[in-house]
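The two complexes that follow have subunit A in common; it is paired with subunit B in the first and with subunit C in the second.
On to the complex of A and B.
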C-alpha cells in the first residue's frame, strides 16, 4: 500500500494552480466588492464602504436590464433547442443510409470557437454584405439591420445560439433515447395509446433527467456567453443584447470602477449558483425522493 | 414503429446539413472575395476565388506572432493540464485520502463559474500581486497557460478519472511486489495504459484553449495576444476589413476542424462534464 503522502504530492500542483487562479481571485473579488476603488479617479485609494455597492446594484437599471435580457435569451434559445433537438434526435433513431455522415456534419458547430461563430454570423447578417438581409429584402421586402433594430439583433443572437448548440441537445437526447427500455412502449401500443399520449406519459418522463441535465448545462453556458455576442453586436443596439457577461466586460474595464465592478461579479456568480441550485431542487430532488 | 422510406430521411438530413454547413461555407466565400466585390449582389456559387486575403494575413508579422502565441499557449496548456490532470486522477483513484471526492467535485466548480466574473480579479492580481520586481504575469504566455488551467484542468481531471479508475489496481500491486518504485509504476505502467484517454484529453483541452477569447482579450495587450483576439481588432468603429476578418476566422477554424474527426465521439461527453456518454 502506498502512503497517502504521495497522493497529496501528486495532487499538489493541481490544487496550487486552482488556488492561485480560481480561489484567490474569488476571495479577492469578494473583498474588493465591499470597497469603493477607482485607481484612475481623483482619489485612487481603496476605501471600505460596507454594503453601499450592494445597495447601489439593486437600483442599477442597466444591471437589472442585463439580467432581464439574459433570462429572455435563455428562455427562447434553450426552449427552441430542446424542441428542435428532440425532433432531430427522434429522426436519428431511424435507420437510413449515410446516418453517421449526417451525424458528423450535425456535430460540426460544437467544435467552433464562440468568437468564430460570432464572426460567421456577423458576415451573414451585417447589412450590405450579409446574405440574409439581402434576400429578406429582395424576396419579402423585409429590411433587417442588426445595427439599429433591437429585435433583429436579439433574434439573430437567439438563432445563432440555436445553430451553435442544438447539436449538443440532439446528441444528449439520442444518448437518452437509445438507453430507453422497449417494454413500456410496446405495452402502451397494445393498450391503444396514441402517439401524443406515449410522448407525454412515457417518453418525456423517462428522458426527463437528460432534459434537465441539458437545460442545466445550457443555462450555465448562457450566463457565461460573451464572446459571440461581443463579436456580433457588441451588446447593442442600445442595451438590447447586453447580457450580464457583456455588461461586466463593457462596464468595468473602460470605467475602471473596480470596487463596483467586483460587486457586479459577486452578484453574477451568486445568481449562477442560485439558478443551478433552484433547477436542481425543483426538478431533480423531487424525483429522487419519490424513488427513494 | 411505422416503416419509413429511407428517401425521406435523406432529404430531411440533406436540408438540415445544408443549414448547418451554410454559415461555414459563407465564411469561406467572404474570405476569397476581393474587397470591391463584397458589396455587390451576394453570390452563393463560388467563382474565381481570390487568395489575396490569405497572402495578406500570412504575410502580416503581427498576425503571425498572434498565431505563434496561440500555438504556444494552447499546446503548453494542453500538455500541462493533461499531465497534472493525470497525476491528480491517479491520486484520487489509488489513495484513500479524506475528502478526496469533495476535492474532485470542487475542481469542476472552477469551470462552471462565468469567466466574466474572474476577469477583474485576475486582471488585478496579475498586474499587482503576481509580480517579481518589474516583471508581471499579465500579458505573458506563461500567465495565459496558467489562467487557462482554471477551465482546462478540471476538464482534464473529469475526463481522465474513468480511464485511470479503469486500470486494475492489481497491476500496480504486482509491480510493487516486483520492487518497482511508485514513480516507475505511475510513469511506466499506468501512464502508457491510459494513452487513449490521455490523447482525447490533450486534443480537447488544446481546442478549448485555442478557442478562448474573453480572458485573452482582457489579460493580454501585446506580447501574448492570441489569434482570437486578433480577430476582434479588425472590427472597428471606422470600418471593418471583412475579408481579413473572414480569413483569420478560417485560420482559427482549420486546426479545430482537423482534430474534430479524431475526437468527434468524445465531444458530447466533454461538453457535458461527462454527464452524457456520446
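On to the complex of A and C.
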C-alpha cells in the first residue's frame, strides 16, 4: 500500500502536467470541433453546430486528397526507413574501418530541427539553382523542378524524410540486435539454416517488438509532418504535397477556421489510432496469442 | 539581411550622433514623460524585414537609452508573426505591447477590436503627447491605418510600392538595342503595355539562350504552393488589366462571380491570368518555386531583365554589393497597363499596382499602453526617418523625401523614392476586407491548380469565384 502511494506521489507531477497540457487541450479541441468558429467571420462567436463539421469533412475534397497523399507518404517513407535502417543496423553490427566516424556522421541529421532540414533541402532543390537539379541536369540531362512536377516534389519529400529519420530507425534496431542472445543463432547455424531462414524465423520475430515500436513512432511522426513540407513546397505544386498536417495548419492558422480545423484534427487523431491498432494487430497480436 | 545590418550599424552611430542634436532640446520631455514607466519592458513582434530590424537594432536601443524603458522587439517569419500576434490578442494574454499590422490585415484587426485607438489615447493623455510627433507628418499611406472617423490605429513603419524594375545596363546597351530593333522594329525601352512587356520578355529570354547566358526576360512570383503567387496575380497583375479588389464587389453583396456582379472570373481577369502565365513560362525556372524573396534574389542575381519587384527588395537589389550583382544597373518604371487603367487610377476609381507596407499597432490587450504609446511616437517622429529610409528603403513621413541622404539614396535606387512620392497615389493596398486571409486560403488551392495546369484558366477562375462566394456566405458577409 505504501509503495503504491509513493508511486502515485512520484507520478503526480507528470500526471498533472499531462492533464493540463495534454488532456485538457484535447478535450477542448473535441469541444471546439462541434462548433462553427472563425474569429474573422461576421459573427466571431463560437456557435454550436452539432455534427455539421464531421458531415462536411466526408465531402471535403481537399481533406480527402490530403489524407491520400499522407498515407502514400507514410507508406513509402516509413517502409524505406525501416528497410534502410535495418541494413545499416546490420552493417554497424560488424567491424569495419571508420565505423565510429561513419556512425556519428550518419546520426547527425537526427539532431537537426525539421524546419532547418526543410530549409536546407529547399536550398538544394530550388529549380535550376539548387545543387541537386543542377547536377541532375548536368550529368544525366534530367530536368527536376519541384515547383511544377508533383512527382519530383513528392519524391523529394520522401527522400528528405528518409535522410532525416533513418538514423533513428538504425539506432533502435541496433539496440534491439545487440540485445539478442547468441544461442538461437548458433543453434540455427548448426541445424543448417541459411541467412534468409535465420532472418525470417529468428531475427525478425525476436526484434518484432522493437520494429513495431519504431514503426509506431515513425508512423505518428510522419502523419503529422508539417515543418519540412512547409519549408520545401508549401504543400504544392497544387495540392500534391498538401499533407494532412499542412492542411490542418492552413485551415487553422491563416484561415483561422478553428471549428472545422479542430474537427479535422480529431479525425486525424482517430485515423492515427486506427492505423496503429491495425499495425499492432497484424504484427504483434498473432505472436502474442501464439505465445499465450 | 546583411545589407540592413551593415547599414543599420553605421546608421546607428550616425543616428545617435545626429539625433542627439535634435533630441537635445526634447530629451527632458522624453525623460519626464517616461518617469512613471521606469522598469517597464515593452515587447513587440514583427516580421523579420529590414525596417523591423532597424527598429530592433537602432530605434529600440536609442529609446531605451533616452527613457529607461526597455523595448524587446521579436523579429520572426511572416507566418509566425501573424500567428503569435493574433493568438495573443485573441486570447487576451497581453504578451505584446506592439504588433506589426500589415496593411492587408488591419481591417480584420479593427473588426475584432484588437487595436488601441492611438489618436484617442494620446488625446486623452496630453502628458503623453510628444512635441515632435504629429499624425500630420505621415504620408497618405497612414490613411490605411485609420478608421472611418480618422482615428489612427498604427504608426506606419514601412511603405513600398511593387515596381516595374528593369536592367538599365541591358536596356541601354547599344548592341542589344540594335538587336531588339532588328527583331521587333521597336526601340528598347521600359514597357507601358502588356504586349510590349511580353515582347521584351521574350526577346531577353531568347537572347539569354542564344548567348548562353543565365538570363531570362521577366521575373514571376509564381510559387505553386505559397500565397505569394496568389498575391502577385490579384494585387499586381489583375489590377493592371482593370480587375480591382480581387474581383469582389463589396458594394454588391460581396459578389465575386460575373453572374452575380463580381469580376473574379471576368474576361479581363482571364486575360490577365493568361498573360501572367505566359510570362511565367519564359521566366527563370525557379519562378515556380518563388515567393517575393526569391523574386528579389533572382533579380539581384542578374537572372532577369525586368520584373515586378517589391520595393522592400528593390533597395538591396539596387544598392547592396554584398548581395546583388546588378548594383547601379537598375531602373524603375510604372507597371505595364491595359487601356484605360491609368485613367481610372488617376481618377481614383482604380489602381495600377500594390502599395504594400505596415504599421506598429498597440494591442487592446497590452498592459503597458501608455509606455507603448511613447515608443510608437518615438518611431513616428520625422527626425528618425531619414536614416531609417537609408537603412531600409521605406518612407512613411512626408518630410523624409526632402532629406539629402534620402535624395542621394533615391539616385542609387534609380528614382524609386521619386516614384513613391509622385506616383504612389496610383497604387493601392489590399482591399478593406475583414476576411482577407479566409478568402485567400479558400481560393488558393484552386489557384495553384491553375498554375500547375490541372485546371484551365477559365474553369479555374470560374471555380474560384464560386468558392469565394461560398466562403463569404459561410463567414456571414454575403447574404
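Criterion: the second predicted complex is superposed on the first by the 267 of 292 C-alpha atoms of A that agree within 3 Å, B and C clash if a C-alpha of one lies under 4 Å from a C-alpha of the other, contacts with A are read in each partner's own complex, and residues count from 1 in each chain.
Here is the rule we go by: a residue touches a chain if its C-beta (ideal position, glycine included) is under 8 Å from a C-beta of that chain, and two chains touch if they have at least 3 such contacts.
Bear in mind that the values here come from a model prediction, so they are computed numbers and not experimental data.
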{"item": "Joint occupancy of subunit A by subunit B and subunit C, clash or fit", "value": "clash"}
{"item": "Partner chain(s) touched by A:253 [first = subunit B, second = subunit C, both, neither]", "value": "both"}
{"item": "Partner chain in contact with A:110 - subunit B first, subunit C second, else both or neither", "value": "first"}
{"item": "Partner chain(s) touched by A:64 [first = subunit B, second = subunit C, both, neither]", "value": "neither"}
{"item": "Partner with the higher number of touched subunit A residues, subunit C or subunit B", "value": "B"}
{"item": "Partner chain(s) touched by A:124 [first = subunit B, second = subunit C, both, neither]", "value": "first"}
{"item": "First (subunit B), second (subunit C), both or neither touched by A:44", "value": "second"}
{"item": "Subunit B versus subunit C as contact partner of A:244, first or second or both or neither", "value": "first"}
{"item": "Partner chain(s) touched by A:235 [first = subunit B, second = subunit C, both, neither]", "value": "second"}
{"item": "First (subunit B), second (subunit C), both or neither touched by A:145", "value": "second"}
{"item": "Superposition clash, subunit B versus subunit C, among 91-99, 127-135, 145-153 or 181-189", "value": "127-135"}
{"item": "Residues of subunit A contacting subunit B in one complex and subunit C in the other", "value": "126, 128-129, 253"}
{"item": "Residues on subunit A engaged by subunit B in the complex (per definition of touch)", "value": "2, 4, 6-8, 10-11, 13-15, 17-18, 20-22, 24-26, 28-29, 32, 88, 91, 94-99, 102, 104-116, 119-124, 126, 128-131, 134-135, 163, 167-168, 171-172, 175-176, 210, 213-214, 217, 220, 223-224, 226-227, 230-231, 244-246, 248-249, 252-253, 258, 261-262, 265-266, 268-269, 272, 276"}
{"item": "Complex contact set, residues of subunit B against subunit A", "value": "1, 4, 6, 9-10, 12-13, 16-17, 19-21, 23-24, 26-27, 30, 38-39, 41-42, 44, 84-85, 87-88, 90-92, 94-97, 100, 103, 107, 110, 112-122, 124-125, 130, 146-147, 149-150, 153-154, 157, 176, 182, 186, 207, 210-214, 218, 228, 231-232, 235, 242, 245-246, 249, 252-253, 256-257, 259-261, 264, 267-268, 271-273, 275-278"}
{"item": "Subunit C partner contacts - residues on subunit A that touch it in the complex", "value": "38-44, 62, 126-129, 145-148, 150, 233-242, 250-251, 253-257"}
{"item": "Residue ranges of subunit C in contact with subunit A within the complex", "value": "79, 82-83, 86, 90, 108, 111-112, 222-227, 284-290, 294, 434-435, 437-438, 440-442, 445, 448-449, 451-452, 454, 474-477"}
